[in-house]
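Across the two complexes that follow, chain A remains constant while its partner is chain B and subsequently chain C.
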Partner chain A sequence: MTIAVSTRPGRPAAFDWVRRLPEYLTIWVPLLLSAAHLIAFTLWTIWISFTPSTLVPVSGWVGLRNYSAVAASRNWQIALDNLLLFGSAFVLLSLVTGLVLAILLDQRIRGENVLRSIFLYPLAVSFVVTGTVWSWLLNPGLGIQKLVHDLGWTSFRFDWLIDRDMAIWTIVIAAIWQSSGFAMALFLAGLRSVDADLIKAAQIDGAGPVRMYRRVILPTLWPITITVIVIQLQFAISTFDLVRALTNGGPGIATQLPALVVYDLMFQRSLLGRGAAAAVLMLLILLAVLLPYAAWRYVQRRRAIHA
Partner chain B sequence: MRERTFAPSRILIYLIVSLIAVAWLAPLAVVVLNSLRTNEEIAQGSMIGWPQHLAWSNYATAWSGFCVAETCAGIRPYMLNSALITIPATILSTLLGAVAGYAVSLWRFRGDNWIYGIVTLGIFLPQQMRLLPWTIVLRDTGLMNTLTGLVVIHTIQGLSFTTLFCRNYYVAIPHELIRAARIDGAGFFRIFWRIILPLSPPILVVTVIWQFTHIWNEFLYGVTFTTGQQQPVTAALIALSAAVADIPQHGVQSAAVIIAALPTLLIYLLGGRYFVRGLTAGAVK
Partner chain C sequence: MPITTTRRRLLAGSAAALALPAFARAQSAVKPRLTAISQWSAGSDGAAITALGKKFEEKGGTWQHSPVPGFTTEMMNKLRAQIIAGDPPACSQLKGPEIAAWSKIAPTLDLDAVVAAAGYEKVVAPDLAKLHKPGGKWIALPLQIYSTNMLFLSKRAMDKAKADKIPVTWAEFNDLADKMKSGGVAFPVANGGTRPDDGQKFEAALAGISPAVYRAAIMNLDEKALKAPEIKAAFVQVRKIADWMDPNVGAQHFSTNLKRFVDGDMGMMIMGGWAQGVLRNAGFKFDDFMIAPGPSDNSKPVFLLNADAFIFWQRKEPDLQAGQTLMAQLVMDPAIQTMYSQITGSIPVRTDVDLSGEGWSDGQRRTAAALKEAIASNQAVLSLAHNMAQENGMTAAMIDVITEYVKNKTIKPEQAATRLAEAVESSR
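And then the complex of A and B:
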């Protein structure tokens, strides 16, 4: 814990300090740069959100005016509605998909490694690529609908991409495709670490596979489930690239999300104060998810130590 | 439930898993097939189809032919930009993260827990909170619209991840080892070089793969802080779709998408195990 100050006799402390300067610099410069930029940038953005800045940052104080302007805008309201729908649908569905995949892969099946690689490869690809590819597949005049029409079933409709009410679901689809593998990987790790004695005991009691999962195995997975939910929510809240490439917020502003509103305010409308306020609101939404999680983790850890 | 038999239930399991696997591979297959079809062929049918004859020329056009805005150099300059951003930023952030992780886990100094805690908060802080400050910093330092600017950003921001990865790995190294080396008179650098680094290859591979994938795939900073010929390939792909919106060239665009995705896909194929370890290491802190 204590800093290693050499106490060898005969060496003046000042000399020691100079001798160890490279070491101090190597330790502190990167860490301080990282920590300082995090704190300073956060405070800086918060400060800008209280100023009347438009094209360039200016000093001044407008109180919460930027916040009320953002909150009252239709763009932001739609973004919040969308975030609620997208966040819950995406988290729930990717959780279910990931869990089902993990359970299926845990049945000692052949080719598990290949299958796992297939479900995880989308995570190695950028959201821009994913969004672009899905924008082609879901484009009614180009993708799946067109294919089915060409095959002769001309009454088939799958035009969510250009349907104001359904467009947000295209983002749900692409996001599930991209990141269910992540939930699968975590669940699989969890399944593999279930106590073998527990399973053996349940088998001796005559539990069938369904009962085994419901009563014995799945209950041990809930801490992982919470971690997956929090990480996927964090992703949902800051989603930007995927929407930018898939729908660009459209049709109209039907698939607007908070991160797009921030970008729009800052760099397209040059309303820096409002853009900063929207970014701070995003941070608050994120904290509403992360703080309870951190508290839960803390309690868990305390229990683990006392147990 | 865990023995290898071919009961109907097992056939059902294979059927379901295979169907999902096909669905997961389908988007990739569609793009690969499209990259080999001519634009006219795609325009006549749909994006989903088998190439009539292989149009390899799409790749040549995508690599060095098509036009974005006024320049017609294909995707090549943007791939180069991405490489010139990603490689230095990956190496720097990994190296600095390894030293920082070693310092906070094994060397220990006053305030180490505090600074480590703050650094790891960077994993959660949304990019949107840093956009304006970075804009101002880059403008004032003359690094706006330069590759160097993006290298600096990704190095500093990457430290949150790389320090976390390395610290969690080094924590498992017995302290006695370090203490013994210090009694023998080894200093900070010598211990790092002689003891820590030789133990590090697994975590360095995880960190490098993680950083490379994330920096290569990053879009928001690329599109915000660079324009035109300085953009990374993710931003260029969006610019390309916008540029050809009137006369779509889906064959060429598909080839461009494949080229842009290839580096990270190859790394995933070669180092999948380490990639997954990075994913779960980031999740379970």
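And then the complex of A and C:
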């Protein structure tokens, strides 16, 4: 934004800011507003998490009592276990699916545009719709299991949705369906930007397609891979609507996730203080992902400048 | 646009200032107005409150109802926002112990005079009355009653089991379920998979086994009662019920399976009286099913009370105050309660309403009779699953244990009983 308009020679510099006023207004006002909004509400939530608030926010100080209550609750412990499992499975599998799709699409095939749209399309569907559709597909009495039974294979079982040990995987399936197209798009862009000379050089050296991908192309993709991991991880941590529509935390409380616990505490149980504490804990988990990423970016940039 | 509003406000303001002395004199003749919020927007609930609004207007009032569709908690979010903004509605839907909890965060209206004038207290179940006068004064009025433990029997499933006797105790219930199973009924118990559904199974079991332990453990959270053998017995019964249910329901609503219930593919349903309205709305006939009070081991009906109510918030505006008085009178009126319950399938709060006339179903008559009998034998208790027995936080903690037990058959009954007592302890 600073290079957009430079002071022209022969004009008094004092009037410069007047000319640039629209520029300042369009950039700074929304930026400050949204930053204030974000920061103010984050600080407010942190403050509430230390108060005895229940139905409505009240002042007072209870120290870490809300935090210890949340941390000791079964719901939160189950939610953390699930987050660990769901987060790692979802990120890993959507990464692999996205990469495979991107490599397949990269073979200069016919109808690439149509296929790309199809794979990206789930991203345009809201999570509530995804969750509802998959809750029908995965319901053993209505969906895939019934279809296979009706086709004649009656011993077929696919009842993860109602199996409390496997239910978390139904969320993984639906989430991958929804967002591996996104990973694919990023990888595809990465694949297309690989230097053509590099590929030609490898071809001349006699590298086959498998070796070419493993040794030449994929290593150039790792910055994109990290970006995809971070974006998918922050999605995994804040997953709410998908679970709510698909299993609503069930069977029983087997598929609780942190965002569900926050909502449940704040709005179902009217325990604002505890809900805020759970929300702050979620923020800390997010920071645990985002801060190392930011540090990594910083180091990268420093290196690029010095190189 | 903003200019017009200001100008209009200015005009209205100066007009009001000029008219002030005249206004004070004419206060008794002010046109009653009522601002109300509830979650009742559609179906029989929406129709009933719209009919109530019509009556309000017939009496010369202005009816301003803003429904907040969805769960009760979403209505509560709007109520919370309005209270924090200092602009509560003249009255709002709220029920059970939430009335006491919310009355602490904003001033409510003292309804004692208008309740006394109507002689209302004598005709309301005592436990119910207590909920609506938390500080000793009436601040809210119940509108209609449901029992959450009615037993619905599918006629076709009964035919398959070659049975015609309605089970009275849990032992008879279990016998009938076994007969249904061997008679070819795939799932003797029809159900949904939501949290309140699971909670209802437990509360029906415990209250049916011992209303006294239910009152002590669930309503009064008595530590000794929470460790009583009846709690474990209730969990044993819940497991039996769970084994007879279709495991495929996932998190479905109970109404999804009503057709299978009527067809005799499922046999019995433990559900609130509202299921009658849902069955009728879905086009099924009264011949398709029977309704009776839920199983009770001492053979006297046990009534798990669920009552919708309105709480009245203090307002300074004379027209709103007049509207609140009118609304209170209407809600207590037997004719209005009759109209309301006939639309929704509930029963009136007043125990002195005659249900023998046209417009009432056998199920409603049986429910009302059960309530009268249950009150007489001190077996009318407050529903846990529908937020009547405890505040939301405590209820949710207890339902967590119950719903996990229903879904996870590796948890033993005694384990569940211990977890229930622990959940209560940690939420106190």
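The rule we apply is simple: the second predicted complex is superposed on the first by the 278 of 307 C-alpha atoms of A that agree within 3 Å, B and C clash if a C-alpha of one lies under 4 Å from a C-alpha of the other, contacts with A are read in each partner's own complex, and residues count from 1 in each chain.
As a convention for this text, a residue touches a chain if its C-beta (ideal position, glycine included) is under 8 Å from a C-beta of that chain, and two chains touch if they have at least 3 such contacts.
A quick note: this is a predicted structure, and the numbers were derived from the prediction, not measured.
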Are chain B and chain C a fit on chain A, or do they clash, once the structures share the same frame?
clash
If we overlay the two complexes on their shared chain A, which of chain B and chain C does A:Arg74 touch? Say first, second, both or neither.
second
Is A:Leu191 in contact with chain B, with chain C, with both, or with neither (first, second, both, neither)?
neither
On the A-aligned overlay, A:Ile162 touches which partner chain: chain B = first, chain C = second, or both, or neither?
second
In the superposed arrangement, which partner chain does A:Leu95 touch: chain B (first), chain C (second), both, or neither?
neither
Touching partner for A:Ala254 - first (chain B), second (chain C), both, neither:
second
Quick one: name whichever of chain B and chain C touches more residues of chain A.
B
With the two complexes superposed on chain A, say which partner A:Ser126 touches: chain B (first), chain C (second), both, or neither.
first
Partner chain(s) touched by A:Phe267 [first = chain B, second = chain C, both, neither]:
both
Common interface residues of chain A with chain B and chain C?
57, 139, 142, 267
If we count contacts the way the header does, which residues on chain C are in touch with chain A in the complex?
73-74, 76-77, 80, 83-84, 101-102, 104-105, 193, 246-251, 391-393, 396-397, 400, 403-408, 426
Chain B residues within the chain A interface of the complex
1-4, 10, 13-14, 16-17, 20-21, 23-25, 27-28, 30-31, 34, 45-49, 96-97, 99-100, 103-104, 107-110, 115-116, 118-119, 121-122, 124-134, 136, 156-157, 159-160, 163, 182, 187-189, 213, 216-220, 224, 234, 237-238, 241, 250, 253, 257, 260-261, 264-265, 267-269, 272, 275-276, 279-280, 283-284
Would you tell me which residues of chain A are touching chain B in their complex?
1-4, 20, 22-23, 26-27, 30-35, 37-42, 44-45, 48, 57, 101, 104-105, 107-109, 115-130, 132-134, 136-137, 139, 142-144, 146-147, 150, 177, 182, 185-186, 189, 209, 212, 227-228, 231, 234, 237-238, 240-241, 244-245, 259, 262-263, 266-267, 272, 275-276, 278-280, 282-283, 286, 290
So, in the complex, the side of chain A touching chain C is made of residues 54-57, 69, 72-75, 135, 139-142, 159, 161-162, 164, 247-248, 250-254, 264, 267-271
